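Take a look at the structures listed below.
What follows is subunit A paired twice: with subunit B in the first complex and subunit C in the second.
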Partner chain A sequence: MNKFIIILFVFLVTGCAEQRIIDDLALINAVGYDLTDNEKNPLKLTVTFPIITKDGKYDRKTIMVEGKTSKEAREKVRFKTNYKLESGQVRVALFGKRLAKEGLLPNLHSLVRDPSIGTRLKLALAEDEASDVLLLQIKNEGQNATYLEQFLTKINRENFRTNYNIYQFLRDYYDDGIDPILPVFKVEKNNIAYNGIGLFHEDKLVEILKPSEASYLFLFREEMKQGVFLEQIDVGKEEQASIMLNYELKNHHIEIPSTPSKSKKASIYIELIGDVVEYTGKDDVSDPKIQRKIEAIITKKINQEGKKLIMKLQKLQVDPLGINRYVRNKMNYNEWKALDQYKSYQDMNINIETKVIINSSGKWK
Partner chain B sequence: MRKDRNRLLKDFKLQKEQIFEKPNFAGESILQKFISDFKISSDLSVTEFPHFTVKIYYFSYLINKDHYEQFLASIRNITAEELQSFLNHSEFKVLTEMDSVEEAILSGSAILFTENQAYDLPFKEGKGRSISPSETETVILGAHEAFVESVDMNLSLIRKRVMSSQLKTIKLLVGNKAKRNVYLLYLEGVASEKDVEEIKNRILSIHNDAIVDTNMLVQYIDEHPNSPFPQFYTTERPDVTAYKLFEGKVVGLMENSPFAFCTPVSFFDFMESMDDFGQRWIVGTFIKVTRYIAILVTLLFTALYVAVSTYHYEMIPQALLPTLLESRSKVPFPPVIEALFLEFLLELLREAGARLPTKVGQTIGIVGGIVIGQAAVQAGITSNILIIVVAASAIASFVVPSYLLSASIRIVRFGFIIISGFWGNLGIIFGMGILIIHLSTLTNLNSPYLLPISPMYPKFFKYTMIRGPFKKKTERG
Partner chain C sequence: MQMKEKLSPFQTAILVYLTQSGVTLFSLPRLVAEAFGTNGWIGLIIISFIVNINMILIWLVYKMSKGKSMFEIIAIFPKWITFSFCVFIAVVWMLLGIMVILKFSMIIKVLFYQNVSLIYLLSMSYILTYLLLKKDIYQIAKATVVLFYFTVWTVFLLAFHLPEFSFIRLTPFIFKGDTDMLKGGLSIFTALLGYELSILYVHKIDRKPLRSLLVGNSITSVIYLGVTFVSYGFFSFEQLLREMYPVVTLLGYISFPVLERVENFTFSVFGLKVLMTIVMYLWGTKELIQYQFKRIKTNFIVMGILIIGFSVSFVPKVIKDVDQWLTYITYAATAIAILLPIFLLLTILTSKILNRKAANE
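== the complex of A and B ==
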């Protein structure tokens, strides 16, 4: 009898668990953060969530509010919808360029602190305003959040091999040998398009690399396993040809010679094996002699462009390649602490050594 | 009705006392007693002879008419003087007690009463249902014979499969007044004598006349009558019974029941089918593992739907969200009510299908299929996804080979749905905990219900959890 009463109580005293039935919820799937000129409410928050219309169709609703902090803005969003606001389905957080230049960390912290948001939440930058990207209504494309998430997953899977999520960002941020990067999206001709990579110094956006430059950046990052190399190269005198290689990064390592001198040196070795997919020159690429020649040209091109890119990174004091991690590995903790990392990075002499092997010339012949 | 019964019982007690008072009663008194006992039995037939005072009583439908006619022909030709010597020289047993007279006539003998004695004339009719394929435990590979209602036939089916003098049978009588035969079978030296003793004592301690089937009998002798789970394995397949005998189990057969029970068994015996042994061991193991997954699906799938759509929207994959939201948007009830409603409807459908004749049963299938499958969704009573979930768990529940266990699991599933409606995933985990605790407290003939797992004997996993290859199967499972 006693047992029975206890069981009865167990079922009666369950008013505590809060029911969250999915059809009564506004399941936010993307948030956008922007900075405004409004001094009172400097933060502009854009949230988008799916709704079911009266005739049973799957649609979305986007709400934009201004507030002091992200949580205060969220409260304001709550007043603007008949559904219960829940952030457990957030897939993408988008940051406007202006806000990113001020630093992402405060907003990231408020995202991480929410237990219903996982660390696999994907991050991205918007070229101008995050709200523009989220508010854009593309015909028959469905949810912008789903679009962005799929886009980011695709970028990650196809060739860039970097997870653009909170976990990776914070990991790179707290690791003092490397700086985080994030992809940039922009609205162009009623479409959301990838437009390069944002480079961060600590948590502040410094510069946006164009996609063509970014592909060189990824060539020197170690997560990179395969990709596409597309470039105009000079063959012969005043003759240009376009070449496209599907390559695989066979070998990648960064070496720091342990010299006692103040100015550090670093060398990046990469080894590519590629298949020619497109070649517009007149030469026959299946001829081994021509292949050797093209290999040499590409090697030169990579060294040249890479050097240019790395000089730029050094000047901007951003280290997305993680070269400082290798520097740190060569010294003890006290030395590392005493070192002015960015200063030494700026003065460093970084060499690139490339080896390109053309594996096949495609299905031709 | 009840009064009559009480009066009968009283009479019966009185008669008993009388018997004990007069141990050496005369034949005349046994006839009188017999007549007074069976006085309202209008189906009792009697044959009387003009030239000598002999009466033969019998139930005409219990005896073999041909044998009886032959006997009558032989007895008509003799005189009254020769009769006594004829009976003395014949193989007919003399019955001295009223109890044995009663038992004999009810089990199909004719009783011959002389002036002072009663003789048992065994003209038992062996008629009954002929052996047919099993309906409840069908197999694809293997024997198709199933037990019938005649216990003699059933014993012969087992003897044919276990051709050994080691196979021992014990005959027990169950019940107070309307006694019925229960046979215990075991392989000497393989089964434990302690088990045999224990089960014998339990059966003998039953004082109930209304037990008409093996599946009822086992509920009188199990240790945990309030558990939803079946504890004795009952089967209508002689090949399974023979296999259990070789495994060292005690088997019980009951008169007029086409089911045999086996003991001691564990949960995993209920998950076994004879088909597993007919298949290659890799296929057999795959099928077995499929069954465990099916049990989990039956128990948890609907509950998980309720938990996720009520509490844990975070768990829904991005790609599933649109469909789930769309199908839920029209439903006016919370998911737990929706799920219970549909599950209950399905139980109704199943029960109706089981009880109806096959020809009407098809109508139920069509009505159920259309009503549940289409109209309910269009009317906005349930969601599409839930129909898939409920259908999947219903199908999974029929994968469990034992009908008894499958029914228990379907009941337990309702508990899981309700608890997940209260507490979400936390409730499901609590429910699993309670279920595992309950299962591990169960015993069957003092042997733990979850035997190779708790207590843990990894050595036996290959006979129970999976279906191990035969080559290594040298010892008993």
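== the complex of A and C ==
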């Protein structure tokens, strides 16, 4: 009797679930947000999703609409396609530069509030308009979303530990001692290319660092484990050589001398061990003497460039290195709350102490 | 039955753990942050300690009454007192069990299965509950052991969060920020509720009852503490305060090479833990009702409880209502958890004194 009831139930309750046929779904894989000049509908939303064309080919469709808010614009997208929209597969959210300068938070909130969107959603900036990047048809590339997603994953894995997903961005935003950063992309000769790092003051974009500057930024961020150092260095009088090192970051720490009242000083220690991959100078790099000389030159270079970069960051009042977190951890709660963080950050004297060790000169003497 | 079955200490510990760990786990790190502020995970240790004291009270009841069950102890009271007493506790426990499963179903609906009817999710859980409730405590305990091995691996998923964990984010501040120690502490205490049901089965434990109860609570506490601690280093403090269900986000952050959005699966596995919570609470209700109406067949009581429960499930319409109900019910359940053993202890003591007097005369 019981078994009968259960079997009956099993069959009855299956009727309650809704069917979704994958061919009828528009599985959005990237969204782009831009600001428009239209006062009534200030937000431009671009969504792209894969489709199968009638002759069985794999293609994509990109829809662009303007609306008041992101969800209102999404409703408008609904009227522009014969498929059922699904945002569960969104992998990349791209923000235009103008919108980013106004602040990302409202849009991020509507993304993070939506339970169908995952916490690993990757974020990036477009140097111009996000729609340009998403609308671009690259030959033989297929989905721009997949391309961007792979690109971002690669950037993250290779050597820039950018904190690029929505969880990491919000984490750094809500942490009172660090500011978030995002990678920037631009359209370049019918291709999408990485073009530096956007620095944020709270949720507003302040400045975009060029890739060369950005590589120094990552050198001082704690998550960095290995990377490539490529720089023109002065060897001897009026002689320049290009050098490239594959390095491992052996040691990284930020120290704040614990002065009870005001900590106005900070030191960043880094230690690199690298292999020379390229050297265009005349000297013999396998010679330990020359290596020591080069080590000294690189150290000086990193200290110099790093200092320049940090001064810039201080002037812009952005703290992507999270130096304020170390300041906070040296203070008591009331002191910290009373402190004008950005002011004290601006006035801080930040030192860089670098140690470079050349491990080998590659497989050529 | 020829030989009386007993609960082994291991089964007891797991039974306590699975009854305790319920739906509050998903929001626990946020609740801790709201209650205790920065580094609030330390507060969890204090709460767990209070629970341990409460467990010792329950054990004392068992010890002082020389292994009598709760019903044997209260049998000295007039029928109408025990009746209202039992019915009150039964109603609280039943409502608690029902609201817990309702909340879980509602969360799972909001987060993952927006288009699935609530009736479907509830029916599934009620069928499973019925299957377990038909059996007695020994069978339930055996099932919990299986479910324990089914679910315990989820703890190791925390290892996936280590790359994002940072001690710097923990901050050196202890219990700072907007704190609400009393009310917040109480809401965290309710996350550990479930152990109080052991008063109904403490006399059925084979050996070392106190130790097995404490071990059960320790498992829960360690898991809660682990999850909360990881959350504190994984999220920044302000972010943690804004995450509705931090544990769901934690689960959602895990990525496997092939599968995307695995949390739909892991979250459903958590459902088994929640299932044990409702089963144990309804079992408690069943025992109390059975004691009052000895003539009715167990199966009818179970059916009755489930039908009432199923109907009550449709009274609160949204999660907010359920939360409101849960708040009041858990307050009542907390009061029961603390006062019931004390009351029983007093009963035992007075009856002992009375007996001694009677013997002396």
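Here, the second predicted complex is superposed on the first by the 343 of 365 C-alpha atoms of A that agree within 3 Å, B and C clash if a C-alpha of one lies under 4 Å from a C-alpha of the other, contacts with A are read in each partner's own complex, and residues count from 1 in each chain.
By definition in this document, a residue touches a chain if its C-beta (ideal position, glycine included) is under 8 Å from a C-beta of that chain, and two chains touch if they have at least 3 such contacts.
Treat the numbers as computed from the prediction; the structure is a model and nothing was measured.
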Contacts of A:174 with subunit B and subunit C, given as first, second, both or neither: second
Subunit B versus subunit C as contact partner of A:120, first or second or both or neither: second
Dominant toucher of subunit A (residue count), subunit B or subunit C: C
Touched partner set for A:6, first subunit B, second subunit C, both or neither: second
Subunit B versus subunit C as contact partner of A:86, first or second or both or neither: first
Touched partner set for A:23, first subunit B, second subunit C, both or neither: first
Footprint overlap on subunit A, comparing subunit B with subunit C: 17-18, 88-89, 116
Residue ranges of subunit A in contact with subunit C within the complex: 6, 9, 13, 16-18, 88-89, 115-116, 118-120, 167-168, 170-177, 322, 325-326, 328-329, 332-333, 336
Subunit A partner contacts - residues on subunit C that touch it in the complex: 38, 110-112, 114-117, 119-120, 123-124, 127, 131, 164, 168-169, 171-173, 176, 234-239, 242, 249, 252-253, 255, 260-261
Residues of subunit B touching subunit A in the complex: 309-311, 313-314, 316, 318, 321-322, 324-326, 328-331, 334-335, 422-424, 426
Touch list for subunit A against partner subunit B, complex: 11, 14, 17-23, 25, 27, 29, 50, 52, 56-58, 86, 88-89, 91, 116, 146, 149
